[in-house]
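To start, I am sharing the structure in question, which I have written as structure tokens.
Here the chain labels run A, B and C in written order, and each chain numbers its own residues starting at 1.
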Amino acid sequence: MARPRNPQLNANGELIHFITPEGLSRDVLTHILDTASNFVSLNDREVKKVPLLRGKSVFNLFFENSTRTRTTFEIAAKRLSADVFNLDIAKSSAAKGESLLDTIANLSAMAADIFVVRHQDSGAPFLIAQHVAPHVHVVNAGDGRHAHPTQAMLDMFTIRHFKQDFSNLRVAIVGDVLHSRVARSDIHALTTLGAAEVRVVGPRTLVPADFTQMGVRVFHQLEEGIQDCDVVIMLRLQHERMNGALLPSSQEYFHQYGLTPEKLRHAKPDAIVMHPGPINRGVEIASEVADGPQSVILPQVTFGIAVRMAVMSIVAGNEA
Amino acid sequence: MARPRNPQLNANGELIHFITPEGLSRDVLTHILDTASNFVSLNDREVKKVPLLRGKSVFNLFFENSTRTRTTFEIAAKRLSADVFNLDIAKSSAAKGESLLDTIANLSAMAADIFVVRHQDSGAPFLIAQHVAPHVHVVNAGDGRHAHPTQAMLDMFTIRHFKQDFSNLRVAIVGDVLHSRVARSDIHALTTLGAAEVRVVGPRTLVPADFTQMGVRVFHQLEEGIQDCDVVIMLRLQHERMNGALLPSSQEYFHQYGLTPEKLRHAKPDAIVMHPGPINRGVEIASEVADGPQSVILPQVTFGIAVRMAVMSIVAGNEA
Amino acid sequence: MARPRNPQLNANGELIHFITPEGLSRDVLTHILDTASNFVSLNDREVKKVPLLRGKSVFNLFFENSTRTRTTFEIAAKRLSADVFNLDIAKSSAAKGESLLDTIANLSAMAADIFVVRHQDSGAPFLIAQHVAPHVHVVNAGDGRHAHPTQAMLDMFTIRHFKQDFSNLRVAIVGDVLHSRVARSDIHALTTLGAAEVRVVGPRTLVPADFTQMGVRVFHQLEEGIQDCDVVIMLRLQHERMNGALLPSSQEYFHQYGLTPEKLRHAKPDAIVMHPGPINRGVEIASEVADGPQSVILPQVTFGIAVRMAVMSIVAGNEA
């Protein structure tokens, strides 16, 4: 029996939605990275715009608030010359008791081209992608604990930029892996792109042993977990975890899992340190590391615009 | 004595504000519909923009919140290449104790071209139109129970699209007619465009007998009211009515006035079903009807963009 | 020892940030006014846009809410063809516990060109300007009681428009001078541009005697304070002052310091009356004056767009 087609691809195997890196080929992911490379150089030009999406409408549908991520998509869309519409979706249709799919059908009828969807529930962007008209493309801007594919791709772009090749890399993801859509998407992307070894590091409550099923190695001790790594990805510790049942306290967390210059010496001398932001200084990362020579946190932000331009221009250019 | 000029028209009889269809000629309304026809075809083009309002400033002044309507005007204005400014008007000047007319005078002084006004009070857009500088055009996006003229014109556009000619049409408007600015504006537009018969249908508390003064027939029983109709316009039942003094309950309302496939059989077999949205499934309309072959609810949304483009380009093109 | 360079200027003495008129030369301020003159005439053209900032990104960072000021910057930036991003900054990064400088570093990394900053704390825009990347320009849209330089320059533009030359002018600033960033910036700009005499007028609680240190004359009686003045700038009385310890009541304030037609007769017959808006009718100014022939309050608003276009185009055109 033929394997069912990945719902993110059309019959030609081209990307029409971007919901999760899971199940996508190395070619598809590499094409995103290569396209983004072209957009990075735009920043050096006098006029930082290209007309690829002129006349197209991008709707930012943020059911969960995130000014920063929304803004990066808005910048990316405007640099592609698209018109951008920010819908305060929580206040509007949802408040009027309209169903998600009715809201989506209505917005599709306004001749939307791209929906950028952030939702607190895992699976919502996929549900939307299954119901939109053929002319609409869905880009997941983070859904529940499920996936954050553009964050994963900007992480991959950053790693490739600084390390060139994935095949010899040892990468550690440190922190609240259990609740992190970034960690899940990073693991899928790193595995597909051929990283030599992916590790997850954190307390047992936040990094359960069964993560080994995703093909990663599990560590509960920071120094051991980042030993000889080329890349250390620190995750943001959500405030609601800090004083909850899962952790003793943020001070204790920092003591055990906060990345200090001393602990970083366990990684390779040329290891890069990444973080999806916003950072909690003194919780998961020390300021000396965040602002230090191995940190590539701000380049991640810059590359994020280019990666989102790449994803939107690719999906909008392919027909369902 | 000469009849006073309609304040929506200039000395040449051209539309300079659009506050209500009431008192406008069939020619003026037909010109809006014909202009909108040209814009509908834009959706099929690669670049969905025209430069008609390039360099013009459209201000969305929503004193009453409505993300959906605001968004349709924003889309329409951007497709005309205008710059759009969404003012969170309730939070700003009003909060600082500034009067409506001072706010308007200030915004006019910023060289605005079009004010799109939604206000909870009937008459507010008209008051504004009387006080703006000559270079400013006012479009009413719904005021109190008074008027919702662009919704009426998109309804007319939809009817003409599916039924070609108004002169033989029997149209029923069903639901909370008493509190509905959509119903009032639809009645005025349908009458002016020459519909053969307009009916209003609903419980006595929401459809008082004196609606006959508007030239419509009043019905209190759904099956009888839509009998042999060509067009059935369902109105949204506001949540505040559902358990109030005016109605027994939303279940009882659905039982008597909710449009089901069985009840719809009383209308003509080729009748179209319309709704201004957002719909309350299982309150005023059954899902089988909303999603059924006679529903034209989503085409209404699409046509709404073209109609709002038409209205804005017409008023901005005429001098006071 | 050489005098340290003004941090708003580059090594060539060109404006790269606009934080306060204090310390800037008459040439720099006059260049802003002259540039704004060119933009005022734009309003008469069919297409009110120029491509000076095409492809540039302007971020509105309003830590303190001000829809009106934000909108004027948004209009100005779009008329320069920039892309504008309104960040609901209070709701976002600040809420996530991120530091001001981390937020700024992140936004800089998104290839921002101009930050327009409104902040409740005096000095915040200066702090930001000291930490941004060299490609970013900071424009202060009002910080604490410190400065509101674009308001001051639109006031200067209005005065020059109606009075041509500063050198013979007597200017009175009336009201809550103590808490007013507008008053402070107006005083600096008027002094630099060579106004013959600057006066501050108000009750002792709001206009302390030590204002003489700024080179102005202090008056506590309105009629005496505006006697023979060419320009009367009325300040907005904040609501929180009206019933506080500093003032008896708003009625009493109006009785003593509210500008009525009778009191205005003490100024020169051709004196102009200005106000930064929004006005409190019947508190600091009578309607007969606000709407009267000597009022230039609405021209101030119109000129404000041109002045903000001038400031943004000047700073963006100079390299750090």
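Criterion: a residue touches a chain if its C-beta (ideal position, glycine included) is under 8 Å from a C-beta of that chain, and two chains touch if they have at least 3 such contacts.
Since this is a predicted model, take the numbers as computed values, not measurements.
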Compute the rotation angle for the C-alpha superposition of chain A onto chain C, expressed as a multiple of 5 degrees. 120
Same residues or different residues: which describes how chain A and chain B meet, taking over half shared numbers as same? different
Just curious, how far off is chain B from chain A if you go by their C-alpha centres, in Å? 41
Hunt down the residues of chain A that sit against at least two other chains at once, touch-wise. none
Flag every residue of chain C that touches chain B in the complex, lowest number first. 43, 45-49, 65-68, 71-72, 74-75, 78-79, 239, 277-281, 298-299, 301-302, 304-305
Counting only contacts in the complex, chain C reaches chain A at residues 54-57, 83, 85, 87-89, 91-93, 96-99, 102-103, 105-106, 108-111
